[in-house]
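Per-chain residue numbering starts at 1, and chain names A, B, C and D are given in the order in which the chains are listed.
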Amino acid sequence: MRRRVGVWLFGARGSVATTTIAGAAALNHGSPPAGVVTELPAFASADLVPLDHLVFGGHDLIETPLLKQVEGLVAGGVLPPGLETLITAELAEAERNIAVLPESAIGQLAMVRRMAEDIRAFRLRNDLEHVVAINVASTEAPYEVTVDGLADLRTVLGEREVLPASSLGALAAFEAGAAYVDFTPSTSIRPPGVREWAVDRGMPYGGQDAKTGETLVKSVLAPMFATRALPVHAWSGTNLLGGGDGATLADPRAAESKSISKERGLTEMLGEVAGEVHIDYVDPMGDWKTAWDHVLFSGFLGVRMTLQFTWQGCDSALAAPLVLDLARLSALALERGHVGAMPFLGFYFKDPIESTEHSLARQYDELLRWVQPC
Amino acid sequence: MRRRVGVWLFGARGSVATTTIAGAAALNHGSPPAGVVTELPAFASADLVPLDHLVFGGHDLIETPLLKQVEGLVAGGVLPPGLETLITAELAEAERNIAVLPESAIGQLAMVRRMAEDIRAFRLRNDLEHVVAINVASTEAPYEVTVDGLADLRTVLGEREVLPASSLGALAAFEAGAAYVDFTPSTSIRPPGVREWAVDRGMPYGGQDAKTGETLVKSVLAPMFATRALPVHAWSGTNLLGGGDGATLADPRAAESKSISKERGLTEMLGEVAGEVHIDYVDPMGDWKTAWDHVLFSGFLGVRMTLQFTWQGCDSALAAPLVLDLARLSALALERGHVGAMPFLGFYFKDPIESTEHSLARQYDELLRWVQPC
Amino acid sequence: MRRRVGVWLFGARGSVATTTIAGAAALNHGSPPAGVVTELPAFASADLVPLDHLVFGGHDLIETPLLKQVEGLVAGGVLPPGLETLITAELAEAERNIAVLPESAIGQLAMVRRMAEDIRAFRLRNDLEHVVAINVASTEAPYEVTVDGLADLRTVLGEREVLPASSLGALAAFEAGAAYVDFTPSTSIRPPGVREWAVDRGMPYGGQDAKTGETLVKSVLAPMFATRALPVHAWSGTNLLGGGDGATLADPRAAESKSISKERGLTEMLGEVAGEVHIDYVDPMGDWKTAWDHVLFSGFLGVRMTLQFTWQGCDSALAAPLVLDLARLSALALERGHVGAMPFLGFYFKDPIESTEHSLARQYDELLRWVQPC
Amino acid sequence: MRRRVGVWLFGARGSVATTTIAGAAALNHGSPPAGVVTELPAFASADLVPLDHLVFGGHDLIETPLLKQVEGLVAGGVLPPGLETLITAELAEAERNIAVLPESAIGQLAMVRRMAEDIRAFRLRNDLEHVVAINVASTEAPYEVTVDGLADLRTVLGEREVLPASSLGALAAFEAGAAYVDFTPSTSIRPPGVREWAVDRGMPYGGQDAKTGETLVKSVLAPMFATRALPVHAWSGTNLLGGGDGATLADPRAAESKSISKERGLTEMLGEVAGEVHIDYVDPMGDWKTAWDHVLFSGFLGVRMTLQFTWQGCDSALAAPLVLDLARLSALALERGHVGAMPFLGFYFKDPIESTEHSLARQYDELLRWVQPC
């Protein structure tokens, strides 16, 4: 009988994690798997771990019970009414697997060790074949890492603070023999030393910053303009969002991480274009997000034309099925012994690691080619 | 020295034809080739006929001078101010190559022969290596063709009216040794007998109904929903347009041709979805078109979300560079001795002939593979 | 002690009626009165009947219990979760006051008498000071009434079918001594004979076709263009809606009633402008409605500009508080002995009876002037 | 015979001024007066100065000929093609009336005197009955004025720099016996001392910050929500604009003046609502502006709904006819001997001086009442 795969979530009590855990439970109770890409027929032959073989756990700073978080998401219209009573068993199981993040006062090396122990304990307790750690915590502010290579990092980590929390999580995952995927635009696996650490431990890593809304649409519209030879002069965007993610991004430093990550793809697809991207925290929007984009381009002989779009979505509900995809695909990478960066997961990310391909269609083809190698 | 390629336009004095002829002249005077896909670097190695080797001619019912049509398009903001004085020589050359459509009273077989003679005379007079005939006339109402195969068609064509004008144009092209491309959703090459006629004469044909606006955007957004496994429940659209094309589509029978062609791709990409498509003639919009689309889809666990877009463009300015592309690519097909349907041109069409692929990204890849067979 | 006012709803089990009844109950339990115009401070001095003095009843063809209808609206997101358990007493009271519509086989005069008896019984049973009958049934198809004056109508009504259902309801109200307001674009009080009947009985009447969405917005935007002297060339609109109202309007004859009513105001505010209005039934939209409007206007020296808006609302939730307003205001009219048309209620209607004023701002002022005669 | 009225423009070579001067000339040549409110029938009885009796002059820092500015606006699609050749005489006349702004090195009191002399000379040279000075210069950054009353201001002005350029212009106008209107959100007439100066000289003044686009639409939509008792939770806006005004507003300090002025009305109409307003400089937009607004409101029982609008306009073409209106109306104020603030001009302004009324409809009524005192 096939053994189970663990999904270790950094930010395990946040909206994305809660929607993922509750949603996976709902699927096991018969909900159709809307948004789960790996349930498309094209993935059927890949023998991915079944969705009901995923076991959830993770770290969080806060201790609010999962059930309470689920109730909040039901009230906000993110999860369907009545779900909380259907899935109490699954929530209780995940609840047992969530550990409180260790105090930073113990030093960064000690933190990595303690977090790695939590992940190892999760694996043993649940008899898991593989574990995939996924960072779904709030967006971190940019962090300048000054230590370069693996050797230096090892030395200095025991002495002083040199990495942000997201990178410590990545190291803990590698130490515990888990794959690591960054769903956010945080520092995590950006420093070369962190990537070398993964390779040294023989682990795969992927990311960053899942594309779930405005950037997803951009990643099909920008190639449209490019392949139709229509010059884009300006691309402007405004994102309105409430909820926890919105509150985090109301901090200009966190918003900066997000904006950088959002801009990169556009430039790589179209070259330099004018226009700004705004991320506004609008508290009454709750868990909902609205993005408006305005594209000024020209046609034959320079005639000016425009395309505008408005996207109205619920980020957690768009993100959660992708977390399930990434867990299954990373488990496949572990099974295949893949080590280092997973650029073939670029389909999921605004800022795909070790890849300059941003066209959704090409990213999808690349993913399928990796999943079905011949 | 390389010889020149003729572009024979059915509807040679219409907005699309005029913009194409005037625009090609403007490019020769140094305008950047915005919208001309075959000028992208990816096509550089294909040795396509240079844009300044294209010679324009065609048929039309009306006799308004091209220069007057150009002035109208300048006033409407489709062509840049002052262009009319820059390109008088090129307009005069094209003017000499435009023939008046023969009277239908002479019978359909005689019409085909007379039109074919016009095309042959164009070739000889201008010493052309290849000729590509492109239908840019107004959208025709649907026409039920009751004659089935080539043999029957040949017999009956001399006796009574069995084909609409667009199909007669296609036959004339084949008779004159020209490739044929239908830029509209007209009947033209739909009847099997017409296609067999092309094969019998060893000629290639392609079409139908160029995608320049709303459907272009649909052909990247629909695959986005499909590859992200997001179920689309309803896709509604309203198109507002003035100008000549708008006036034609104010006739419900012509609009029917257009709507059928617009709907096909969506169903093939997403399956059956609810929603209507409206085409409204709004005279004061002039040559400009605005399309609004509303897409209702659901994410994880059925949460309802929407995407809306508004496209504001000038159809003639979007169409003209594609006419240049299709002329160059069809000339390449003639050079390679390609006979019959050209499904590899699906990138350009709402209703691609002998193809069920509607994703713009895949269509682009298919086009490139054909251009560079390596 | 002040006596109570009855609100008799034609279509008493439909979405608008159910939302009105359930909403009034919710207000009595402390919900804030969002959307209830007569709760604004400007109306405080008018001594309108308190909201908790309204008693609901009505006619309907169907017999689905109100509670079941409420549950459906809760599931559709129109009413807040949990409301159904809070207001069971109020629903039960209204349920007792709902009568089944008499069979049309008994003849139109008999129907009027039977309906009037139901209304009189409602008044007696609940010891009501005034009764206001409001038509919130589905939109009726246009109906040509060939009988002209009151005398003729009285004669013919006993002999053959000459009026649509909505007009019979109006007559029943007048017979029972109730005011009548048409919330829909149905025939109801359009025939002169029906209006004379009201005057003959000394009753007030008002309507028609409540403006709750697209037309509401039009009634402030059109005056903006007019007072700023900006010529509007075209105004186009598309309405997407599901639910019961959408299904009714999917019938082209009912949609015709609606469109006529929607167009009238625009012409009266701006003169003839180009553009069509579409009403599309999109089943998956449920109780929600989206309207997109595109306005083409020109500024100084004829420069073309556009304004577009998208309205996303829930019709029943917009309509219900207006039903409460109309009940209170009509009760005031009864108290003041007002007889005949109530043009001062134009603020609420797309097609205000005996008024050509469509500017929302002026209509509001007119309403206030009537309420506070100073 | 009626004598003529002078219009003195601060920023006389800018886009708004050039469009005003060229447009007034075009009207005299027969263009219809789109956008000129005072040409509506409601103003016919007011005996305002005829449009062809207006004479233009002004101050500017730059010396580019008006004709060159007109050519630029024709190329940008703001003015109609060919206009420059039709109105050469009028442009030459205005050109003669434009003075270079004096150097600030001469001291502020000396500047006021020199500017006042320029205005007096303009009046004498053209034999003008009244002069109205209107500030259409670029938006100034906020400026803290520390001198309070008229007496202090007079003393200190000869000694050191205490006022921004816009206020000096206002004082010059008052000294020269001219009315003053601020079309921008600059400091100008905000300091109490400047207002007292106007009263002391018996002059009227008005402003500030003309509402021509997004704020205009807000001033009818916000009252719609208010009178319908629909609570607005958040109102977010993004303005994209190029051209000179855009470049000025790319300076965050100037943008601040603009945003403060834009926000004020909303708060006064709706109370505190969440949401930000962005002003983005997007160079390729040229003279065109696009504004997108997103309004989150709730209906009955708190159901969330949204209204979005997109405004696409050309600011200069919207502003210029209002400059003509303000000149005529201020001339009427001078004729009537009105002294001090002109709050009855609030119809034209985002930040109406000495008025808290922001509803466009009420402002229009107020304007009409002042024009026709009955």
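The rule is simple: a residue touches a chain if its C-beta (ideal position, glycine included) is under 8 Å from a C-beta of that chain, and two chains touch if they have at least 3 such contacts.
Just so you know, these numbers come straight off a predicted model, no measurement behind them.
**Student:** Given that subunit A and subunit D are copies of one sequence and touch, is their interface built from the same residue numbers on both sides (over half shared) or different ones?
**Tutor:** same
**Student:** Which of the two pairs, A-C or C-D, is linked by more C-beta contacts?
**Tutor:** The greater number of contacts lies at C-D.
**Student:** Determine the centre-to-centre distance between subunit A and subunit D, using the mean Cα coordinates as centres, and give it in whole Å.
**Tutor:** About 50 Å, centre to centre.
**Student:** State, to the nearest whole Å, the distance from the C-alpha centre of subunit C to the C-alpha centre of subunit D.
**Tutor:** From the centre of subunit C to the centre of subunit D is 43 Å.
**Student:** Check each residue of subunit A and list the ones that touch at least two other chains.
**Tutor:** 77, 306, 308, 310, 312
**Student:** Mind listing the subunit A positions that touch subunit C in their complex?
**Tutor:** 75, 77, 81, 310
**Student:** Going by the contact rule set out above, which residues of subunit B touch subunit C in the complex?
**Tutor:** So the residues of subunit B in touch with subunit C come to 233-234, 236, 238, 240, 274-276, 278, 280, 282-285, 290, 292, 294, 296, 306, 308, 310, 312.
**Student:** Can you list the subunit D residues touching subunit C in their complex?
**Tutor:** 19, 23, 26, 31-37, 39-40, 77-80, 83, 216-217, 220-221, 223-224, 227-231, 298-303, 305-314, 317-318, 320-321, 347, 359-362, 364
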